[in-house]
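Multiple structures follow.
The two complexes that follow have chain A in common; it is paired with chain B in the first and with chain C in the second.
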Partner chain A sequence: MARISIENLRQSYYPNPQRDEDWALKRLSLDLADGGAFALLGPSGCGKTTLLNLISGLLKPTEGRILFNDHDVTEATPEQRNIAQVFQFPVIYDTMTVYDNLAFPLRNRGVGEKDVDKKVREIAAMLDLDRTLSKRASGLTADGKQKISLGRGLVRSDVNVIMFDEPLTVIDQHLKWVLRSKLKELHHRIRRTMIYVTHDQTEALTFADQVVVMKDGEIVQIGTPIELFERPKHTFVGHFIGSPGMNVLPCQVAGGRVTFAGNVVEAVNTKAYRGNGKKLELGVRPEFVHFAEKGIPVEIVKVADAGRFRIVETRNSEGKINLLVREGRDIPTQNVRVTFDPGHTQIYEDGWMVN
Partner chain B sequence: MALELKNVSKRVGAATHIHETSLVLEPGTFNVLLGTRLAGRKTLMQLMAGLERPTSGEIWFAGHNVTGVAVQKRNVSMVYQQFINYANFTVYDNIASPLRVAGISAREIDSRVNEAAELLRLSPMLKRRPSELSGGQQQRTAIARAIVKDSDIILLDEPLANLDYKLREELRDELPKLFAGRDCIVVYATTEPSEALLFGGKTATLFEGRVTQFGPTSEIYRHPNTLTSARVFSDPPINVAEVRKVNGDIILGDKVKWKVGRAAQALADGAYTIAIRPHHIIPTNGSQEKATIEGRVLVAELSGSESVIHFDMNGQTWVSQSHGIHPFEVGSTAKLHVDVDRSYFFDANGALVGGAG
Partner chain C sequence: MSKTVDNKGWFFVLPVVLLVAFNAIIPLMTVVNFSVQETFGDNVFTWAGVQWFQDVLHSDRFHSALGRQLLFTGIILAIEIPLGLAIALTMPRKGPWVSVCLVLMSLPLLIPWNVVGAMWNIMALPDIGLLGKFLNAIGFEYNYTRRPISAWFTIVLMDVWHWTSLVALLCYAGLVSIPDAYYQAARVDGARSWAVFRYIQLPKLRHVLTIAVLLRFMDSFMIYTEAVVLTGGGPGSATTFLSIDLVKTALGQFDLGPAAAMSIIYFLIVLVLSWLFYTLMMRNEET
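After this line comes the complex of A and B, so read on.
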C-alpha cells in the first residue's frame, strides 16, 4: 500500500519542448492518499493516460519526481514499483485456463499453492468466473476475457497501487453496472490505493472518492463527485461533468446585482465579485433550473425523453438553457418561464468560479 | 420506399444468428436496434444492407424483392464503430469519394460535400488528412461520407462507441437533426438503453437473435410486452422478483406487502413476476410510493446529480436510482420506497399481464 506523491512533474514527447503545447503534462503536483479510490477524468489528449504511465513507470518523466510513501521511485521500473495494471483490452494467456490466468501473478511472486487457491477462488466468485475456472480463456467472449484481466489485476493483496486504464471499454452496458459496483465494493473491503483512468464521467463519479479532472495537460479541479457536481471551479468542469452539462450563460454584475438577459438573478458568490473580470458568465446545472410562473421568459426548442426525466432545451435572446423535468411532471406550453436555484447558481470570471 | 423483412432468418452452420423475423421500416424514420453485442444486431444490419444473404425469407425494398441483390447494387451506406476513412485522402476527398464513384459532376460534388461538411462542422478541416483530426472529427468524416450520397438506407453500427463521452453527447444530439426532413431509413445499433431513449424514433429490442418488440421508442420503454423486452430496455438493470397476489394484496418475500394498485388491479390471484425500474425505488417517501422495502447496502454511488444504491434483499441484489444526494453506509440497512403502480407484472411465460408504465 502506498501514498503517492507527484512533484512538479512535466512530460513531453518531443526532444526539445519549447512551446506550451509541446508538453503533454504541463507541470503537475498531486498527492494521492494511501488506500483511496481515485479517478483521472478528462477528454482524449488531456494527459490522463500519460500521467498513469508515469505513475506505473512505463514512462520516465522529462522533469519532476514521483514518490511512493516518501520513497523516490522516479527511476524505478514498473516491476520494482510493485503495482498491478488493468488495460483497456484483455491481457491474458489464451492457452491457459481461467484458473491459471488468475493464479499467474501470485505464482510469479512465489505465493504457496494453498494461498493461491484461496485468492483465486475469492476473486473468481466476486467476478462470477467461478463456473468457468477450468475452461480455457480462448473460448470466452470479450466480456469474459476482460473479467479475467480485472481478476489478474485484483488478485494480489501486496501491491502498492492498482491502476485501471479505461477497463470497461469492451464490456456490454448491462455488465458495466455490475462490474463497476463490484470494483467499488472490493475497494471498500480491501482499501488499496486504486487509480482509474477514464473519459466517462459516469464511471469516474461512481467509482472514485476523489476525481482529478484534467484538460490540456493540467489539473483543473480535484474533488469528490459531489463537489464537482455542486461547485465546479471552472466552466469546463461544469460542462464536462453532468449530462447534459452545466448551462453557461453570459451575465453582467453591477452594484452587487447579477443580471442575465435583463433579469436579476441570485448567485451564491455575488458578494465575492470584485469587478475585475473580462468575461463574466453564470453557471447553473439543468438539475437546478425549474419552470415557474415568474422568471426568465424562454422558448422551448426540444424535449427528449430520458425515461426517469425529460431533457428540455429552451432558448432566449442570450442563449440556450437546458433543464430536467422529472417523470410524471408537466411541461408548460404557454408563457414559458424559468428560474435558477439561487443556492446552485455561480458566477464565473474568465472561466473560473469567483471566490 | 419501405424496407421489409419477411420471415427472414440467418443460420451459420448449426448456430442460428437470427430467428425468423418480420419487420417493416418506413422511409423517413430513425430506427434503433437495441441489444447486447451478441444479440444479433450486426447480422440483422448486414442482412438489411445485402452484405449477408438470409437463410430463409425475403427482403423487399420499395415494393421489389431485393433478396440476393448485392450491396453495390443497393443504395445503402454504413458507418462502423471503428472509423474507416481513406488515410491518404483529404477530408474533402473522403466525403466526395462515393459521389465520384457514382459519376456525378464536379460542381454538384462540390456543393454536396460543402453542405455535408457544414452540417457536421467539418468545413475548416476539409484540406486536412484523417491522421490530423481528432477521433470525433474522423468519425464525423465517416458520417459525412455516409449521408452525402442520398442513400435510401443508412446503417450506423455503434458509431459513437469509440468516442469520448462528451463528444458522444454532442453527436447524439446532432445525428437525428441531420436526417430530419429526409426520406431515407436510418438504422442505428446500440447497446445503451439511454441512447435509444434520447434518439426517440422507433426501437427494436433484440435478444438472442430475436426482435422481441418494435415500435415508437417511449412506448416500447413504458410498455414492454415481455420480461425480456423490459430487461433489454433498462439501464441500470431492472429489478425482478417473484410475487403473489392474494385477496387484493401483493406479497413479495415474507415481509413486503402492499394493497394492489392500478398495475395489478385486473389480475387473478396467483403467482407473478414483477419488474421494477431502479428509479421507481427511492429513499424518499412520496404520494406515489405505496410500498416500503428494506435491504442491506452493498454499494452507494453518489455522483452529485443522482444516488445509485445497490442493496441485498432476500439474497438478491437490487438497485435504487434517485435524484440528488442520499448517502448510505455500506452494510447498513436501507429503507426504500417503491412506486408500485409503475411496476410491471408478467405471467409464468414472461408475457406482460399488468403494468401502468
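After this line comes the complex of A and C, so read on.
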C-alpha cells in the first residue's frame, strides 16, 4: 500500500531533447492517495502509458522523482517497487497451465506452496477461472488470456499499486462491462491503489474516483468524474469527456457582460474575468442547453436518436450548438430559440477556464 | 446435375507440374528404375528385383557410413543449435551494432561450399596452415590427413563455423519478434533471467528452432562438398559419410544399381528422420 508522489517528472525518448515536442512528458507533478482508484485518460500519444511505465519502473525518468510513501523509488526496479501491472495485450506463459500462470508471481518471490494454492484459488474464483485452472493457458480465448493477466496482477496481496494499461482492448463488448464491474468490486474489496490507463471515457469515469486527464504530455485536469463533467477546466476536457462533447462557442466579454452572437449570456465565472485573454470562448454542455421561447435564435440541422435522449444539432451565424432533448419532449419547428443554463456555462480564456 | 469441366484450368497448373516433374519426379523415377535393374552400359538392362536393396542393407560399408553420418549429424546438432541460440541471445537488439553483427553473422553463409572446404583445407595444413601449425605448436599431435580424430575435429569445426550463423540468425529473428510486453510482464512478475528464457523465450522460439533443427539436420546429413574438398573421405574411410560413399559407389566403381538402391534408402532415412523431428517438436502445438 502506498501513496504515490510524482515530483517534476519529465520524460523524453530522445537522447538530447531540445524542443518542447521532444518531451513525451513535460514537467509533471501529481499526488495519488493511498488506496484510491485513479484513471489516466487522454487521446493516443498523450503520454499516459509513459507515465504509467515511469510509475511502475519499466522506464527511468529523464528528470524528476517518484516517491512511494515519501520513499524515493526513482531508481528502483519494478520488482523492488513491488507493483503489479496488466498490459494492453494478454501476456501469458504459453507452456504453463492457468494455475501455474497465476502462481508464477508468487513462486518467483518464494511464497510457500500452501499459500500459493490458497491465493491462486481465491483469484481464480473471483475471475471465474476455476474450471480452467488445469488447462494450458495457450488454449484459452483472448479474454480468457486477459483474465489470466489480470489474475497475475491481483494475486499478490502486498503490492503497492496495481496498474492497468488499457486492459480491456481485446475484450468483447459485453465482457468489458462484466470485467469493469469486477475490477470496481475488487477495488472496493481490497482497497489497493489502482491506476487505470485508458482513452475510453466510459471506462475511466466508471472505474475511477479521480480521473487525470492528459494531453500532449501534460495534465489538463485532475478531478472526480462529476467535476470533469460539470466544471471542465479546459475546453479540451469539455470536448473529450461527454458524448457529444461540450459546446465551445466564440464570445465577447465587455463591462461584465458576456455576449454570444449578439445575445447576452450568463456564465458562472463572468466576474472573475480580468480581460487579458486573446481568445475567449463559452463552454456549455449539450445537457445544459434547452429550447425556450426567448433566447438565441438557431436553426436545426440534424436530429439523432440516442435512446433515452435525442441529440439535436443546431446552428447559427457564430457556430454549432448541440443539445440533448429528453425522450418524449417536443422539438420546436418554427422560431427555434435556445438558452444556456447559467449555472453550467463557463467562459474560457485561451482554452483555460477563467477563475 | 452436370458438372462443368473447364479444361483450360489445367494450363495454369502445367508449369508447376512440368517443373516438379523435371526436377524431382523424373530423376527420382530414374533412380528407382536403376535400383531394380542391372546394367553394363549400352542401354542393356536386366531385372534384378530387390537384390541391390538387400546387398546395401547387409553391407558393412553402408552400415559404417551410416553410423559415421549419424554421429556427425548428432555432433553438429548438439553444438550448433545451443551455440546458435546462445549467440542470438547475446546479440544486441538495437543500436548501431545490430547491422554489424548481422553482416558478420551472414558472411560464412555467403561463401560457396567448395571454397569453405578449400579455405579450411589450407588453414588446417599441419606444416603451413594457421590452425594446423598453431595446434601443433601448442602440443597437439594434429594432422587431418593422417589422424581420424584430427580429420573429424576439422570437419566439425568447419561446419560449426559455416552454419552456426544460420541457427543464430533464425533464433535472432524469433527473439526480436517477441513483444516487449512479455519482458515487461516478466520483470513485474519478478522472473529471473533463467525463468524469462525458460518460460518466454524458449516457447516463443519453438517454431524457428524446429526450422533450424530440420535445416541443420538435412544439410549436415547430406554433407558432401566441404568434406570432399577438405578430407576426400579420409584418412582411410574415417570421414566417408553417406553422400561420399554414394558418389564413390556410383561414379568411382560405376555400380549404378547398388548406388541407386542406396540413394533411395538414404532418401527415405532423411524423410523419416525429418518427419520424426518435426512431429516431436510440434507435438504440443496449440490447436
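Here, the second predicted complex is superposed on the first by the 355 of 355 C-alpha atoms of A that agree within 3 Å, B and C clash if a C-alpha of one lies under 4 Å from a C-alpha of the other, contacts with A are read in each partner's own complex, and residues count from 1 in each chain.
Going forward, a contact is a pair of C-beta atoms (placed from the backbone, for glycine too) under 8 Å apart; a residue touches a chain by one contact, two chains touch by 3 or more.
Fair warning: this is a prediction, and the values are worked out from it, not measured in the lab.
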Evaluate whether chain B and chain C can sit on chain A together after superposition, giving fit or clash. fit
On the A-aligned overlay, A:27 touches which partner chain: chain B = first, chain C = second, or both, or neither? neither
According to the contact criterion defined above, which of chain B and chain C contacts more residues of chain A? B
Quick one: classify A:225 as touching chain B (first), chain C (second), both or neither. first
Which partner chains sit in contact with A:45 here, chain B, chain C, both or neither? Use first/second/both/neither. first
Contacts of A:308 with chain B and chain C, given as first, second, both or neither: first
Thinking of the overlay built on chain A, is A:71 touched by chain B (first), by chain C (second), by both, or by neither? neither
Go through the superposed model and pick first if A:329 touches only chain B, second if only chain C, both, or neither. neither
Put simply, what angle do chain B and chain C open at chain A, by C-alpha centres, to the nearest 10°? 70
Contacts for A:279 in the overlay, against chain B (first) and chain C (second): which applies, first, second, both or neither? neither
For chain B against chain C after superposition, the smallest C-alpha distance in Å amounts to 13
Residue positions on chain A within touch of chain C in the complex are 53, 56, 58, 77-79, 83-85, 87-89, 91, 93-96, 104-105, 108-109, 136, 138-139, 149, 152
Where on chain A is chain B touching in the complex? 43-45, 141-142, 172-174, 177-178, 180-181, 184-185, 188, 199-202, 205-206, 225-230, 239-245, 285, 287, 304-309, 311, 326-328
Residue set of chain C touching chain A in the complex reads 179, 181-182, 184-185, 187-192, 195, 199-200, 203-204, 284, 286-287
Within their complex, chain B touches chain A through residues 36-38, 134-135, 164-167, 169, 191-194, 197-198, 200, 217-218, 221, 235-237, 277, 279, 288, 298-299, 301-305, 308, 310, 319, 321, 323, 325, 330
